[in-house]
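Notes follow once the structure below has been shown.
Each chain gets a letter, A, B, C and D, in the order it is written, and its residues are counted from 1.
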Amino acid sequence: MISFTCDYSEGAHPRILERLAQTNLEQLPGYGMDHYSISAKDKIRAACQAPDADVFFLTGGTQTNSTVIAAMLEDYEGVVSAETGHIGVHEAGAVEYTGHKVLTIPGHQGKMDPKELEAYLEAATTDPNYEHMVFPGMVYISFPTEYGTIYSKAELTQIHHIAAHYGLPLFIDGARLGYGLMSPACDVTLPELAQLCDVFYIGGTKVGALCGEAVVFPRGNAPKHFYTITKQHGAMMAKGRLTGIQFDTLFTDNLYFDISRHAIDMAMELKQLLKEKGCEFFIDSPTNQQFIVLENSNLQELGKHIAFDLWDRVDQNHTAIRLATSWATPAEHIQALRNLL
Amino acid sequence: MISFTCDYSEGAHPRILERLAQTNLEQLPGYGMDHYSISAKDKIRAACQAPDADVFFLTGGTQTNSTVIAAMLEDYEGVVSAETGHIGVHEAGAVEYTGHKVLTIPGHQGKMDPKELEAYLEAATTDPNYEHMVFPGMVYISFPTEYGTIYSKAELTQIHHIAAHYGLPLFIDGARLGYGLMSPACDVTLPELAQLCDVFYIGGTKVGALCGEAVVFPRGNAPKHFYTITKQHGAMMAKGRLTGIQFDTLFTDNLYFDISRHAIDMAMELKQLLKEKGCEFFIDSPTNQQFIVLENSNLQELGKHIAFDLWDRVDQNHTAIRLATSWATPAEHIQALRNLL
Amino acid sequence: MISFTCDYSEGAHPRILERLAQTNLEQLPGYGMDHYSISAKDKIRAACQAPDADVFFLTGGTQTNSTVIAAMLEDYEGVVSAETGHIGVHEAGAVEYTGHKVLTIPGHQGKMDPKELEAYLEAATTDPNYEHMVFPGMVYISFPTEYGTIYSKAELTQIHHIAAHYGLPLFIDGARLGYGLMSPACDVTLPELAQLCDVFYIGGTKVGALCGEAVVFPRGNAPKHFYTITKQHGAMMAKGRLTGIQFDTLFTDNLYFDISRHAIDMAMELKQLLKEKGCEFFIDSPTNQQFIVLENSNLQELGKHIAFDLWDRVDQNHTAIRLATSWATPAEHIQALRNLL
Amino acid sequence: MISFTCDYSEGAHPRILERLAQTNLEQLPGYGMDHYSISAKDKIRAACQAPDADVFFLTGGTQTNSTVIAAMLEDYEGVVSAETGHIGVHEAGAVEYTGHKVLTIPGHQGKMDPKELEAYLEAATTDPNYEHMVFPGMVYISFPTEYGTIYSKAELTQIHHIAAHYGLPLFIDGARLGYGLMSPACDVTLPELAQLCDVFYIGGTKVGALCGEAVVFPRGNAPKHFYTITKQHGAMMAKGRLTGIQFDTLFTDNLYFDISRHAIDMAMELKQLLKEKGCEFFIDSPTNQQFIVLENSNLQELGKHIAFDLWDRVDQNHTAIRLATSWATPAEHIQALRNLL
């Protein structure tokens, strides 16, 4: 059965598997000291136009979020996130496990509102009891968000500015970064995004890799001994070649962007199809995740033919579902869905 | 240059890469729910003759050690290890980071002495101040040890018995398990080892896989919600297919054991060669890691031709080095070394 | 200047100081092994009509909350609290520091609604992604709440029942327990409260003691090695006599209840006075904390004569303030306020 | 029965109880904002001749050790201690609970050897694998040590110098500080000690107070937000007056030093008596803890008349015991012991 359940259903882009096979018997040092990792970091610096950037490869998204957050916060600090942020909901408490509170502000289709962020930070830092409270120590946003939405360049600029005003770094969770950057609605480039935050990551797991995320500290501003911190948090790959070769491939000949654009093309076709069929949209998403509202009676019928993700209960009779495309979605899958509907 | 530095210099066994390529575009659920992971677990249960075993795939060795230990200890407990145990030395404090002390007893060429373990546990549990001290909550050994040595079946039986007597689970770190089991000096089988402990892992990273370790709770005795604990500790692979397919391949047609035996064959050839050349051995290791003592003046010369690991300072003029073979070591490498010496 | 700022402005009830002085040079064992601590525990068991109860004396409220919560939760669990609960707001992240998330549900004048608790627990335990989320592992309420309100016996029964239905212990933060039990609006006795939860504490710091809280596990259900856990969390007093003698005094001749009733008498007089003066109440509190709304222009004037706590911004022109009485409030303070208004 | 078991058998110096009684009904702000705490801090600064010092009052020794260490270490750092250091042995794993390893070097009658410290730090920071290991982040010593011994000024200078050379702060655990400073063998003054470290504490619990330790950062070098950190670690007293008044009293009219000298006078009398009686000393201690070796057959007999602490098993037939004096030891206790022996 065709699955639109998520964007990590398939393995890796075939070019990655080829490179892994070609290089397989080369004897290489571990822990990211191999020349593929070094080359991949250079290519990422070039793509970000951030020649001083510190780049690290970590095993996955949860690991990256909890490692980066713990590395950048003091013990008495928490991370500010929209209440729907992945770190506060679906990471099994991995952030709290490192001792830090996720401080939530409202989410609007997955996004925080810069004004609400500012009001929150102003209140938190002027509260007469603030010394008895968790200090905001970092701002976390996801790009695209868990709801497929993206921040505009103006919004990113505002959030970065507000965070900086209160002395806080801005961290962008880019688990699906490519799908945000290649969206027709996106008005920010990778180099611009790198300038508008203090740390972000380029998601591999959901964008063509078997595993791995590339953390970028754009101005060479990695916390001291981030390498050791990564190991301590269980986010380090012993055979660093595995992430190094994958990212080296993804950042050769524009592959990361091309396959991201393909996912978006498929998503836009899907969206158009759903519109034509008169589907009600739960969110107007410009990226690879599309959300529609179904009558519960239709859920089961559709579920016989394709796989999708149950997203949210809308009311007694309606449910929101998610249909995701990815770098691997073939045009035939959309066509099959068209035939089905 | 030929490297004998360690046993994770190459990628993966070619059969693994083939399987990854063959299955690459299958759409599979994440987080270990895919049928390859399920099949791999069944094969591991069969190989262990432990039909009730709980099996989990984690990303790497450090992750496995810190996750298993934290999952099985109460907050006020520590883990007893030989002072040379990997968890106490080379894991960047990952165990302490989860709140637990590593309680050390002497190491004898990497092994703990059952009698010393017993004396330690007896003293710790009868100390008049024990309520102000860290309680021993688990015994940790590695098989083979960090020094290439292995425990005999009699020793494992004793240690397991002693641990059980004090109510403690025994955890065997099997990062190099295959290289221990296939050693000519080994008198224990995998099913026996599974019976002689409460949890162990089958190392993948150092024995043919790109990454991943298989944790086995042999009597279905996994801690409650170990799956969630794994995620919380950053030890879970989102694309579970990556570890599932690798272990499914390693446990098909005896591959894991065959490639481990190959490493041992190469190690024994290497050892024989070193003996013939009159090398002084630092340890008499029966597994894939061989340790010899060199005059410092010879270190640099040898280093021009092959890569190896500096192990320990012996005295002012002598250094112990490690030469490791692996599943990937070709006979030509040993031959080349022969020509060199 | 007279202060109504809080209920820990004075030292200790004079009878406590007398006992400390009388017993001062007795040589006693430390860490709660002294006979005063033992006697105090017996008296508390008697007052709770809980002969099997485990009783422990900890240093303060924050220490007690974080120690009890960490001791009773598994690593992957969080504690469910009203969003206004002390543990989620004013404890400097002490709960998260031990690795646990505070899972919040709405607060209604400081109280959680049993129906909302039930709906939350039902949703959390049936969420298809629950294994990727923090598990609810305990329910926390305060009695009285941070807003001076109290739960009825019916509400406590419901909450306890719901928590038990989902396998969760109920923890009652009794930092101000006496002021709740002695409220005219209270329909639950101490023995009943002990039956309606799994652990609670009898606040000393705010009810007549210099420091210290008495944690009660009413059915002998203390977590294993709670003594050591207490030490590990920094909640143990080396000279256990200090808390032992204090609680022994408080639970002799009904002192704890008498001084609590005095605080309530003073609070009800204060409330009556504020009503007579036409003050607008922010909350209708039946305990020792009274909350009124003032025009901002009046804040400063009142502040010249008495001290109080700024509680909340109501709107641009109004602020809620808190006036607290305690075991130490003399009738003259109320009279002085009457003269002032 | 007379007890020489430890130095915290009695309550507080009577002058402290008087001050607590005199000030009892003053309404004071909590959390150390009261004027007694402020005055006490000033007096401590004066006694240390450290006008810029940051001073904080914490609840007890374990709390102080774990809070100071966690506050000053980065996540990837551990604290270097003699293997007999209190933090590594008798604090129930409180340091590890905050995520930090205690890195041990040999203890020589409780003291570390500066040369061994230097060799350890040199090895640790030049180890080719140091990025996979716990970084030394602080040096911890106790003064006097757990064995009653003290460092000379020359040794403190060396240790401080070595620590500084490797970029590490030196932390002196002064749980029994007075008993060290007043020893006839001590050649360092409080102001000198304050100059020879980066943080230390003045023990109250064992030197005349009911509870409380005064942490001093002698050059105003407290970690940012140490106040909040203290609360988060459960080391803060809500009624700060309790510690404030105690330390204000102890540092008025030289009381802290006078009562410490009394303890030493009693200890020296005790030592002389034991010498006269031909006792074998386990350690030649110049402070308030005296250690002698007894035949096991004599243990029980002596235990019928006085209480003491079993310290260590010497051999099959001999046991070392500890006899401690304190600020509260009356001359009659020594006389009684004389009569007994």
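Here is the rule we go by: a contact is a pair of C-beta atoms (placed from the backbone, for glycine too) under 8 Å apart; a residue touches a chain by one contact, two chains touch by 3 or more.
Keep in mind that what you see is a predicted model, and the values were worked out from it rather than measured.
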| item | value |
| --- | --- |
| Selected interface, A-C versus C-D, where C-beta contact pairs are more numerous | C-D |
| Most distant chain from subunit A, judged by the mean position of its C-alpha atoms | D |
| Whole-Å gap between the CA centroids of subunit A and subunit D | 50 |
| Averaged-CA centre spacing for the pair subunit D and subunit C, given as whole angstrom | 33 |
| Distance between the centres, which are taken as Cα means, of subunit C and subunit A, whole angstrom | 42 |
| Multi-partner residues of subunit A (at least 2 other chains) | 75-76, 91-93, 97, 99, 131-132, 228, 231-232 |
| Complex contacts: residues of subunit C adjacent to subunit A | 75-76, 78, 89-93, 96-102, 128-129, 131-134, 310 |
| Subunit D-touching residues of subunit A, taken from the complex the two chains share | 70-71, 74-76, 99, 131-132, 135, 224-225, 227-229, 231-232 |
| Contacting residues of subunit C [partner subunit D, same complex] | 2-3, 5-6, 8-12, 14, 17, 20-21, 23-30, 59-63, 66-67, 91-94, 97, 205, 210-211, 228, 231-239, 241-242, 307, 328 |
